[in-house]
Every structure is written in structure tokens, then in C-alpha cells.
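Order as written gives the chain letters A, B, C and D; numbering starts at 1 within each chain.
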């Protein structure tokens, strides 16, 4: 699946970036065979082959068909088959049926990728319009989002089948991680002032429409935990009987854990000795107590915070904290190949803000004041999902490092657990009620 | 069903208010027979008999059992049977099964009401503690909420059965209403300044916990429509093909209208001459074009606003507007007996803010900054529902007038339509995009 | 609810019988109030009020409207509202919604019954045609079927609600029953010869179309158990672990017990001392070990038979046995008022063939060879249900004695448990495999 | 996927037959790639890869593990993974999840097949016990059943995906078929005498347990249609409005066609010119009016028969007719590679009894009198499915010719349509009611 050599003549930064993004997708697909790439283990997830094709469809539909004179569509049927949800582009298959696309074959999808990449190379060799360049940047960010989904979807699919195979057999430098993992730093409360702050994207680079417009928000003094909640802490929550204590839960959360019979995060399983093991992309592993908890729903994040005498941060608090402390965008991202969160190191006041796990916030996903949806099908990208979802911040171990930023808003429904989603606690600036230790 | 005479000796304001609230409930039940009071036409709704009993259970459980020395529980089984959702009080029946309570009979429920009212009279004749008085006020407000639900639930139940009976046969002063209805005032945009404003309850009277704490919020300049959206306007939206145009809808909204085959508000039906008739508590009536639209979901309110080139107000905008203009709490409430929204009159800049229909806001229902949930079962009243719901403001034609205030926050899921819920448009202060006339 | 006096002038047998049947229905409804008569605890069941009205609808629709000159329909709406499933008569409400008919009220339904009874009296005073008389007989038998359903439906409804009231508080002559119950006779195998036998209805009286035509069938020698399976025997089956042993079950049966979490017959519940109690129309009672097992599905009857090393009888075997031994139609029927099966007495070779519980047979419900469905809506009575149901024979404690006969074919789906349905074992004539005692 | 060469040394008939059966399976899989073999388009269907593995599992589990000394299991996990439903063998995956088995890969499944074939060759080179030989014959017949399912499952899966690929691109000798198809013979009634007849398997070869014991049955005189119902005739049924006329349908059938919105057989679709096209394993084809109707449910077969004034045959009638006329087992079977039914030729009184389409009978699938289920897991093969299914007779165009016989009983639930299932009419011997032409 190496298609990365088509674009060579042009030395623009954009075309180089395009090649890199496409290559990264293919790297992630490399451990998978054609059969693995068929898997759709739940309607929310999609097969890897579909991700490969749909990201290509995006470039063909929104850029090549509009902006490359003489472009010939690879296959007319694909215009419909690989549309995800853009109603203004036309009909699309039922999302739950994506696991039934044995055709086109993987080989044909690879050929589709190459065809579109040749078209893009041709476009970029000439003078691409500003509109095309803007869509190209959007398309690359779109593909990076699907890289992350490809990882989380395959994890769910591998876990769902009886042989539960590993995606990678050797976590990179695992011994080293473990050493670090043995002692995450103590958790401290980092205080922030209240007042009027600007949030939302500003600057020159790319952002999604949902990060705009940059605007002012009024906050009260608050405090953020210096690091993510660990598995050791979450285990304490479980052992306290939290999953059978309704007073800790949102009403819909309680109904969900009862109906779904949740007793622990997704991918946790008791092992023989009454300990826990977790399913990872490297197969089953013993639970690393120092690593941040992940694969939990908003309901569980919220209940954990309540049990802790704290709360989840607002998305504005998170963003302002990251800005004020000038937290560098560094950490455990998809490029490391680890694809699993690891324990925090010792340095830095505000650790693990980026990478490792997406951090659930208390903020429902809504339009920023003055938000204007783009015209046409591209306007369907974000706006129409602003309902019954919660914002997550900071990226995860499956997010490409170049994809994340302080103003980035991810969003999932409150019950979603198959993303690498975890918890950072917050509290009001003045007082913190608690039922645990002093230094959480 | 007259039980209002037990409390006589005491002339405290509270006990008078208690008698009035209880009496109002019974007045609403008066047109119903024992069979009508059994009806539960969907899991979200409850039988009228259940409402009669559950509101009584509230006083027994939270006040009499705690605060009246020597109180004897009416029937031990009722403590469980009429618990709605208070997990900390104990077990409760599955909500969807409330229509199966043929026992206790209505007569027994009436006796239960009288028993509890006697207990309350006894409590109020003595010196009730501040805690008891506070719970009494809460209990009366709780009962008022159930008065409204009793009305909307019975409307749904009467519509759901084949004979579709009327609750009232003669709308009061209907001719007069119609005359007014013929010409609602033009809709104007009322401008409001941005800046920091206080919202949330302040003052001496009662409020629910979700209205607190009073706090500051930062708004941009905005404008509110001077009146509610009318049926004539909504009909224009329908006729434009809105229900088959996905670009107008939130994604979840579109899925909902397709799955549920919604083509108009709840209770609308085409009549023979291709006009529309609507089911009301007075039976089927021709659609009153001048009356405010009601029985729509958040999805429909949101789509209508998008179609109009406007948006829904934030709950903070609504509250600040009501405060700034000192809008009096007057209008079409349950006391009128009309139980249907009516067209606005000519006077006043900001009309129909209170009564007629609950106004969907763009604000997800969340905790105010610093919100603290009460300890114990009473803490379950509001906080645990702060997820996947939207705030509505202003009360409706089924709300008791004494129940509503500027800071009042009602909430329902985005798909709910059986409440009297409608639309007031908002827009940003500076510019309004639109695709229609100038003077909406 | 006494309407039995209208018909007096005529002394024909038919009109007397009509009065008696109608009166029996009203007697069964007597312990119920208007609220009880609203209950529909599952889609398969119907409210008692609906039964009262639908049986009346049958006479109005098929007899009075066709055969009584000048008859005025009581209420045009009822023609649709109380149609059960006769597509050729017209539209009918969704069966699962019958619990929502608060209107017409019980009083109106009683008036409807009286109106139709007056019409029938008028018809019968004159010279009713043979067609009308035939339909009258069908209508009375139809009403008797609904008498039984009224009993089983109300039992399910009373059990489904939190207070689980009793229908009758005093079982009649319970002590006497108990005495008998203490020692049911041993179960013996009664042998029957094979060969060609006639089955199906023959003679002068009434039968349903599904009992015709009388025809010949070829049987092998077989043996029938002399009495019904008792609770003591069924308890042994439970205690052997049968509900967790898949090899005993039909595949669909196993899926059903796993999905529904069945561990015992319907209405059984463990009491404190690890014994069992059962819900009856007299409320909860200790399990009577000597009484016949009832409220089991075909799946359970079949699994019990397999576990016993026996099998269920064919319907033809049952009918031929009843005929050959000239078993009298006597026993525990609805007229006794007991409404619960009781232990067999000592006399007679083939006990409990009639009454007590319907006996599941191994015979799918199919058309007899040469079966001809009646023309028109009446043809919908039986034929269209000949699919995925099993035949039961012999009547139950909720069946009127005058309603049953040797050729009578009742039928329910394999999972149905809310009827009084039990087990009589059969085996091949020559050999019986068994894993238990010698004298089963 | 050629694994057919391992078994060479032995020239026993059995080993040759084993090689042929295995080879036939692989031939059917040849047009499929690894991705196609992943498809499970509904819970009733299974992926081709699963069929390849499960048939192999059968030989390993029931023969090699029991009867080949020193046999080493290929992979312990497969014992569970490829168990279909044999509870006595142990746990098995949920049937609806078979589409999630990306592992083992197709290559591993092929290696599994080869491993087991080597084991079988070894066993057959020695002296296999009678028990082993008997199980081998069962295993081959089991594999032939899965060959047919593989064909029907892949047809459904190909139709379910957006590109709807063809399995074969060139039907063999299609022109020749078409010529024949142009004029199917007139349909005639072939009369048969009533009386006692023997049915069930007798003789030396293999049969399934459900065909035993051979026994006598009593029939009335009957007539069978000389050929299958054609698409032309079924189209007449559709055009008469049958799909909107409830009186033609079983009650459960009517509910099914309304709920599923069936208006024609599965795989039929209106083309532009208001004609019909059908999806076949060769892709979409114009409807061949002369070919037999297939892909219909029992409900549709039954309704068509009722509409025709005829009925479906009993399974005993079908078998006796095939025996009496000594109908040769010849016709359109899977070996032809056509994999689609074709019009009947001119010769022979009783045409198309074998091959083309399975013929729905009016007989529920029950145990023959005296049927004894085999001990152990093999006993689960047939007996536990004897509930809520109907018998089909005669084999189809997807059945191997060597697999079918007069006593063969296939069975499916009444709603199943994805098999090649069609209609042969029957009627009582004396009279035929009809509403159409004289010569049906």
C-alpha cells in the first residue's frame, strides 16, 4: 500500500504535507489485511477500508471535481458509496451497512487513492486557487480525524471478535514506559484567575469552523488538576461501589450503566487473580495503575468527578489554562506508535494536557456566539452535530501531533466509550469539597 | 373530589397557598373520570391519578414523615408505588408501567390526598420548622409542575385513543379570542445591549435550585423578536418544503423527523379542504393562523430559526430581556381555563414572554457556575437531569401564573413535543441575515 | 351491571342460552371496577371493558346489522373501535392500544350491551332466520372464549401492577380442595390401539369451523398419562437443572428462556423459605404440590416431556382417547368460581381430560384436510391463524363447561404462558423410555 | 484454494466422495475474494469463510477428535469459534457476529481445511470404524447443505451492498435457456389416489434422522400441479392487488408484509419501463416470465395458493407423488453452475419436482411418529428445530444433485425468503375451486 511517490515535482509545503498525511494513513493501515479492513463492529464505527476510501472521496468531491480542469472521476458509483453524511452532495448508504462493502476491493480502493493523489499532484503543480488550497487543508485535517477513528474503530473490532487479535505485537519501548509508569506525580490543583478571557481560534493557520469566532467569555476563578485521573484512582472509584450507587450519576447515565451492565471502563476485564487486564492494540495487558484511565463515557467522567468532590472543567477553562500556561503541544500522540496512554512524567505544572486521552469537559457542544455555518455541503461538517454531544479537549494517543491545538473541539455523545477518552478534574477557585485526600 | 375544606383554623399565608394549590389540581382533574385518569399514552407521560397521588406522596415523604410527630403513613405500599425517581428514597416502579395501576383506586387516592392534607393542616397549625416550611414551598411548586404535566399528558392521551374526546367542550370566551387572533401585531426586533449581566434567581421568594447561584454572564448585543412565531409563519415554513430539506436540520433532528415521519407539529392534521386542523383540549379545531405555534420539538424550533435567517435565543438573553424590560408576569396561563395559546394583542414591546407557550432556547440545560446540589433525596430534583436537554423559558397556557418567574428554567429533550412549546426568534445585535421579509 | 332481564317474552332455548352467556360475562366482570377494566398489561391481552364491548360488537355487526330490520347502530364509531381483527369489516385500532380507551366509559359500554341485547331480544321474538341463529350460536361461543380471556388477561394485569390485588378474596371451599389435593392418584399409562380413527366434529350441535371436516386419521398405538403433570413433578424438573440444560429444549425454546430469563412457570416466585408461592386470582398462595402445573409455554411442556422420557400427545391421540373412553365433560370449569386448577381425585382411568388446564399437544395448528374457510369476514375467525401456533385440548378452569367438547381445538403460540396451560404426557404404545420411576 | 490432491492413495468410494464434496465447496468459493467471504448481511446468513471453516470443524470435532488416534487439533480456539449451535460441544459465538471474524484469515482457514483433509485421508487409509464412516457420510451431507447456504448467503450479501456485484458474469448457455424459457408447458393437474401410503426414508443409503422412521400415512385423493408456478403467474397475483388484500393472507403473513413493506418477491425491483428486473448471481436480469417464481416466503406461497383457489401440497403428498411417478432426480442443480431456476421443458407429466426451487409445503416441520433423536451433540442436528418452521421439498438450483431424494425434508421459518423457494400448487382430488382459467 505504498502510494506516496506520485507527488514529487512540486516543493510547496502543502503538497509535502499532503503526501505526509496520506502516508500516515497508509502506515496505520499496514498491520491490517483486507479482511480486517472489512470490520464494522458497531454502527458508530467504520471499516478501515471505508476510511481509506472516504478520505479520498473528500478530496475528489470537494477539490478535484470543482477545481481540477479535466479531472475524470475514478468511478461514478464511488461518489455515492463513499459519501458519509453530506446530504447536499446527494444520497449516501446507511452508515450501519458499511461493513457490507466487499466491493470495491481493497486493491480498488488503493487504486482509487492513487488516482486521486495523481489528480491532487497535478492540481498542486499548477496554481491552485486559494479556495482549493483552503479545501486541501480541510481535507488533510479531515483525513487526520479519520486516522484516529481508524485506530479506535479497529480496536473495537478486534476486541469484538472471538480471537481478539493484537494490532501491534510489540509496544515500542514498553519497558521504559513501565518504569515511568510506576510513579506518576502527585496530583495538584493549579489555580487560574477568573475574569474575561478570549477563547476560540485566532492566528494564521488552519482551524475548524467550530473553533470560531474567537470571542470573549467570562469565567470565575477555577483550578485544574495537574494531571489526568489514573487507573489506580479509578479503581478506587469502582471499589467504592460507584457503579451501584445511583446518587453519583446523572439520571441518563444511571439508566445507561444499568441497561448496558457497565461495571468498569470499556476494555477492562477481571483476570483470574481478581485483578484487571485491559484490551489494547497490543492485545490484552495487565492494568497499568499509573496510566491515565481511558475508554470511559461522559457519564463515568461526570460520576467520578462527583464522587471526588470535584467537577469536570468547562471547555473554556481548559483552553484558557492551556493558553495561560503556554503548554507545549507535546506528549504521547499517534506518531509514537504506542497507541495507548501512558503515565505522566514528573515535570511541568500542567501535565498531559495534550495527547494520551481526550479530556471530557462539562460543556455541551454548542455554536460559539456569532458562529456562521459555511455555505454548501462543507457547512455540514460540524454545525449539524451541535446537539446532545459533549466537548472533549487535548487530543489522545491516537491523534496526530500536528492535528491538535488549544482551541480544538472534539465532541462525542455522553455514552461514547470507544475513543481514548479520560478525565481531568477541575474545581471552583475558592473552595474544593472532597471526600478523599488533600492533595488530589 | 372536593377535599379543600380540611384546613380552616390556620390563617397563615402558607396554609392558604397550600389549600389553593391542592384545589387547583383537583379543579384540573374535574373533567376526568376514573377511567380517563388511568391513561398513560407514552412512557414520558403519566396517568392523572398518578399525578394526584405522587404530588401527595411528596408531602408525605419529605414533610410529614420527617416533621410531623406521630404522623401515621396512609399506606406503606404507597411509599414505593408513588415514588417517581428518587433513588435515595428507595425502589420505585418502572415509569412506563404507571398506566397499570388500577389499584389504588381513584377513591383511595382521593382518601390519600385527604389524609395527607389533614396531616399538613395539623403541621401548619403548630409551629412548622423553617425546614418544613421550605419543603412545603417546594412541594407546592412541585405540585404546580405536575398540574401542567397533567394537562399535557391528558391531551396526549385523549388524542391517542380512537374517540379522541375533548377535555373541555367550550373554550371560555372563544369568540373574543378569535377576534383578537385575527391580527397579531407585526413582529419587530427588540435590541439589547451586550456586556456583563447578572442572571439566576435573586430575591426572597422561592426558586428551584437550578436557578442558582445568581451569577454574572457576558453577552454580545442581541435582538429578540417582539412576539412568538405564529401558525401562519410556521405554515410558510412547512409549505417551503422544510420537512424534506436536510440542510435546515440538525443531524439528529433530521434522523428524527425521517424516522418518526413528522411533517408538521404534533396534533396537526390536514383536513378535507387541504387546510389544517389541530387537536386541542376542546377537541379538534381549525388552525388559528394568528396563534403562536406550539407542540414542536427543539429540532423544529432550531430548523425554523435557521430557515428564517435567525436563531433561537440563549436562555441568558431571554432572562435579561425579561428583566431589562420589566415584563410583567401576565398573560394566558392555566388559570384562564383556555389551555391553548392565543394570538398576541397589540400592546407592549415584548409580547407573550410569559404564558401561551414555553420558548425553546439554544441553551443546553447545564449547572450554573457554582451550582451545589442539595444533600439527600431532594438533591435529585433537578441536578441529575442536566444532560441532553434544552432549556425552555416563560411558562405556557398550562402553567399556573404564580409558578413562573424570569429566572425559571424548564427543560426537555430535543425531541419532546407534547408540551406547549413554541418559538421566539433571536438574532445577533448587529446584523440579521434573512431570506424573507424585512419586518419579521 | 345487571342487564339480564331484558329478554323475557321468548322461551326459546336459544334466547335463554343467550341470556345466560351474557349474564356469565357480567358475573366475571363483577369483582372489577372501571379502573381495573382499563388494564392491558401486554399486547396479547385486552382490557375487560374491551372484552365486554367487543363481544357485543360481534352481535351487532354480524347479526343485528344484517338480520334485524330497522336496527339502529348504537354508535357508528364503535363499529371501528371494537373491531378486533376482521379486515373485511374495515379498519380497526392497533391491538396494543386497547388500554387507551378511556372512552367510551364503562357506563357507555354497559349501555351498549343493553342496547344490543334489546335488539337481540327483538330479533329472537320474531322468526330469526337459520343464518341468524347460526351466527347467534357462533356469537355466544365467541363470547365464551372472551370470558376465558377476560379471566386470564385480568390475572396478568393484576400480577403486573405493584399492589398485585386479588380478584377474589376467598376461593370457594378451599379447605375441601386442599384435602383432595394432598394425594393425587398415581399416574398410570392408559394404552390405546392404533389404526384408522375418525376425528373432528360430527353431530348436531355447534362447532367451530376449525373442527371440520370430520375425517379419518391413521395412528400408531399410543399411551396417555392418566392425569396431568403435577407441581411436585414439575418442581423435580426445575430442581434437576432443566432450565439451564440446553439439550432438553427446542432451539427456539432455549433462546426464549435465556432471553426472558425464565426459571419457572409464569406466576411462580420463590418465597422466603426457599419454597415457592404462586400468584392466583385469589392473590398469592403457597404452591400446591398436588395440583396440576399451569401457566407454562409449549417450550416448557415439550422440555418436560423430553426430560421425562415421554412426549406430548398428538391432538388426534387426545381426541380419540377422550372419545374411546367416553370421558364425561365434567370437572373444574369456570362455573365453579375457583378459577384455579386443583389436584385430581382418585376415580376414573383418564382423569382431568376436561377442565383444570388446557393440555399442550405436539400438533401444530393446521387446517384439517378439506377445510373450507367460510366466505366473508366470518371466515377470518380461525383460518388465518393457522400458522406458528400449537393446538391445546380439553379446556381449563377458566373455560365454561358448556363451551368445551372432544373435538375442540384451542391454539396459542409456543411462547404463550398466560393461559391456564399444562401437560399431559403421552408415549408410543409399545415402549416407553424413561429416566425416572416406573410408574409415571 | 485447491486442496483436493491430498487424498490419493485410497480408492474407496467414500474417500473419493469426500474429495469431491470438499472440492465442490471450493469451486463455489472460487469467484469470491477474501473480502467477499467476510460478508454477513443478516443474522440468518453466514460468511462464506465461516462456511468453509465450520464444515471443516464438523469433521474435526465429530470424527477426527473421536476416531483418529493421535490426531492433533489444528487450533484449540477453532473448536469454539466455528461451533455453530451444538450446545453439548460447548460454548459458541453469537451467530449474528460471524461477520466480525477477520481472524482467522482466509489463508488460515484454507490451511485448516487442508489439515483436516490430511487427517481424514489418514483415517480413511486405515480401517475406519462403521461409526466413523457413518459420521463421514453425515459430514459430507452437512457440507453439501452449507454449499447451498453459501450460495444463498452470498447472493443476499451481494445484493445488500451498494455496488451489487455479480457472482458470475456469464450464466452458462443462457441463450439456450431462454429459448426453452419462452414457452413453459401448460400447467395440468395430476391426480393421485388416497389411502394409506408409506413415507419417510427406506433403503440403504444415507438419510437425515428427520426422514425417519419410515411410516404409514393416510391421505385423501389429491392432485398436484404438473409444474411450478411461473413468474408470469405470480405477476398476475401481484397485479391483482394481492399485496394489499388482507383476506388472502395468514394473519402473521399480513403483519409481515405490512411491517416489511413487501410488494413482490425478494430481489424483484421495478425497472424504468414499469417492468421488473431481478437480482441474480449473474447480476440484475430482466424478469423471465416463464421461469418459476422464487425467493418467496411461506406466507406468499400460501396467499398465492389461496388466490388461485388451490392450496399448497402436504409434504406427504409431495413425497408420494414423487415416488409413485418414479420421478427421476434430474434437473437444474448446483452442478449446472446456472444457480438460477429456469423454465420447465415440455416433457414429463410431473415436471421440476427436483431442482430449480424448493417447494413450500403446507406441513409444519414436526417429528415423524416414533422419531428418536440421536444421543449426544449429533442429536442436535435436526430435532431441536422442529418448531415454527415449514417443510420444503425437492431441492433447488443451489442444491447438489447427489444431495437430494424423495424423502428429503428441508425446513425454514414462514418469513424466510433468501432461499430459492417457490410454489407447486395442489388441490383436493375431487374438486378444485378456482377463480381463474380452467387449465391452471
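One rule holds for everything that comes next: a contact is a pair of C-beta atoms (placed from the backbone, for glycine too) under 8 Å apart; a residue touches a chain by one contact, two chains touch by 3 or more.
Values in this document were obtained by computation on a predicted structure and should not be read as measured data.
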If chain centres are mean C-alpha positions, then the most distant from chain B is chain D
Whole-Å distance, C-alpha centre of chain A to that of chain D, is 47
So, in whole Å, the Cα centroid of chain B is separated from that of chain D by 59
CA centroids of chain C and chain D: separation to the nearest Å works out as 38
So chain B residues touching two or more other chains come to none
Contact graph of the chains (line, ring, star, complete, other): ring
In contact, pair by pair, are chains A-B, A-D, B-C, C-D
Residue set of chain A touching chain D in the complex reads 33-39, 41, 49, 77, 80-81, 93, 97, 99-106, 157-158, 160-163, 165
In the complex, the residues of chain D that touch chain C are 85, 87-88, 196, 215-218, 220, 246-247, 249-254, 298-299, 362-364, 366-367, 369-370, 379-380, 384-388, 414, 428
